[in-house]
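In structure tokens below, several structures.
Each of the next two complexes has chain A plus one more chain, namely chain B in the first and chain C in the second.
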Partner chain A sequence: MTGGVSLAEVVVSALIVLGGAFALIGSWGLVRLPSLMERLHGPTKATTLGLGGILVASIVWFQFVRGEWTTHELLVSVFLFVTAPISANMIAKVHLLRLRQGDASEPGGPAGEPLPPAAGVDWATHEAPQLGTPGDLEGD
Partner chain B sequence: MNRLLPHPGLSALLVAMWMVMVNDISFGSLFLGIVIGIVVPLFTAPWWPGRPHVRFAPGIAYVGLVLWDIIIANFEVAAIILFKPNRDLRPAWLTVPLDLTTPEAITVFAGTISLTPGTVSADVSACGKYLLVHALHAPEPGAEVAKVKARYESRLMRIFV
Partner chain C sequence: MIGYALAFGFGALGLALAMNLWRLFKGPGVADRIFALDTMVINVIGLIVLAGIAGNSGTSFEAALLLAMVGFVGTVAYAKFLLRGDIIE
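Entry: the complex of A and B
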């Protein structure tokens, strides 16, 4: 690495810039989208690729510049893919509950409040699981 | 065999995760990984009453498809965030009727929906037959529902049998 720039360094730089750009766009989405449910889309998606780009850059850097093989980045992305939908789901459920309660500090957003799925049933946030379904503790 | 390895898939996953975590391919770390892969499922078996039947070949193809869709999803959502003004945005609640029945399959389906283009799964119905999904931009909600069912659910039906 004396003098010129190696190809690996160019690739690593490009990936870091790409990852940083997506992380920035995801955060900008948090600021500008109209309400809570729309804002959830930014962190579950745009930020995933942002972090992904930086993780791939890290793998490439260790492999080609330092000559070491690392696998920790794979683990980070696995945990990210497992946790991002669950935290988004929890936030959405709290939002649904507060909407139903008519909390004045919880504006509905452009999509409004979701309708119940069918006659006689409601979403799990508002109703205990029915008999025979996975969440039903007595039937398990 | 069954008594020593109540969940062979879980054991294999634990060994693989251990090897990735220690980041070192040697006999010692492999041995420790195998010990963990045998001991952890034995001690946690009471909390795993049923075992999902998973077909691995379509499962791996599914992971590839979802990874690809996540990359596409990022570009689509980034384009919406950057270029679409809020007055043109058509967010909508979608009710997706479920053909999947096992909790594991529904969980994977909901997670996939959250990670892919413009949709976040919000809730499941109390009867377990519907999924509530929020779409960032869905001018035609019916088409969106048909798309996730055809693209992901039909594949998951073949994985979780």
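Entry: the complex of A and C
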């Protein structure tokens, strides 16, 4: 270790490089993978994790430079980690609906077209809302 | 040392944004385009946080938090419009 390079600087640099690499890998998956259901994996997992690394680097950096403890980044990362699966679920529902309507035309990946969850059962997003749930208009 | 790491981070996130832009134009479906926009917003949040580290300013967190919220709401609004034909029923 050369003089003048502190441990905090090494930690921050490693976290930034790791986070940038994860974000790049996630976007590479968005370009490279064949079908949308597979493409959903890259950015929702790798990019969110990479951004978590960058945010932790920011926390450590401001703790090191200014000596002040900031929790703004924790707020951002918690918000991202909560919302990433929800938006991925919404996009998967849109994809299922457009496949059903025949609007989506793309080559199937190695996993093939999305199958029904079980024999004789359809995906919940295609079915009528059940009684007592928020989408149920008759029970209101 | 932190300068090299920041340069790598900016380069990686910029390249990731270019890839997302390619997917945004290429498609092939509407869901792909929504997803590319969502990923672009996440990468831009990363760029803002890196700019905050590089500029040594603590004022960029509000922008990052605001962009996280607006990006999520925008994605859900697009998806709801395609699913239901309406955003707020």
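Rule of thumb we're sticking to: the second predicted complex is superposed on the first by the 110 of 140 C-alpha atoms of A that agree within 3 Å, B and C clash if a C-alpha of one lies under 4 Å from a C-alpha of the other, contacts with A are read in each partner's own complex, and residues count from 1 in each chain.
Assume a residue touches a chain if its C-beta (ideal position, glycine included) is under 8 Å from a C-beta of that chain, and two chains touch if they have at least 3 such contacts.
Just so we're clear, the structure is a prediction, and the values are computed from it rather than from any experiment.
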Quick one: classify A:P85 as touching chain B (first), chain C (second), both or neither.
first
With the two complexes superposed on chain A, say which partner A:V11 touches: chain B (first), chain C (second), both, or neither.
neither
A:A118 in the overlay: touching chain B, chain C, both, or neither? Say first, second, both or neither.
first
Return first, second, both or neither, reflecting whether A:E127 touches chain B, chain C, both chains, or no partner chain.
first
Contacts of A:E38 with chain B and chain C, given as first, second, both or neither:
first
Scan A:K93 for contacts with chain B and chain C and give back first, second, both or neither.
both
First (chain B), second (chain C), both or neither: which does A:T48 touch?
both
Mind working out whether A:G20 is in touch with chain B, chain C, both or neither, as first, second, both or neither?
second
Identify the partner contact of A:L74: answer first if only chain B is touched, second if only chain C is, both if each is, neither if none is.
first
Residues of chain A that lie at the interface with chain B and also at the interface with chain C
26, 28, 40, 48, 70, 72, 75, 84, 86, 88, 93, 95, 125
Spell out the residues on chain A that touch chain B in their complex, using ranges where they run on.
22, 25-26, 28-29, 32-35, 37-38, 40-42, 44-46, 48-49, 69-72, 74-75, 78, 81-82, 84-86, 88-89, 92-93, 95-96, 109-112, 114-115, 117-118, 121-130, 133-135, 140
Can you list the chain C residues touching chain A in their complex?
1-2, 4-6, 8-13, 15-17, 19-20, 22-23, 28-32, 34-36, 38-39, 42-43, 45-46, 49-50, 52-53, 56, 58, 61-62, 64-65, 68-69, 72, 75-76, 79-80, 82-83
Residues on chain A engaged by chain C in the complex (per definition of touch):
5, 9-10, 12-14, 16-17, 19-21, 23-24, 26-28, 30-31, 36, 39-40, 43, 47-48, 50-51, 54-55, 57-58, 61-62, 65-66, 70, 72-73, 75-76, 79-80, 83-84, 86-88, 90-91, 93-95, 97-98, 103-106, 125
Touching chain A in the complex, chain B uses residues 17, 19-21, 23, 49, 70-71, 73-74, 77-78, 81-82, 86, 89-93, 95, 97, 102-103, 106, 110-111, 113-115, 117-118, 120-130, 132, 134, 136
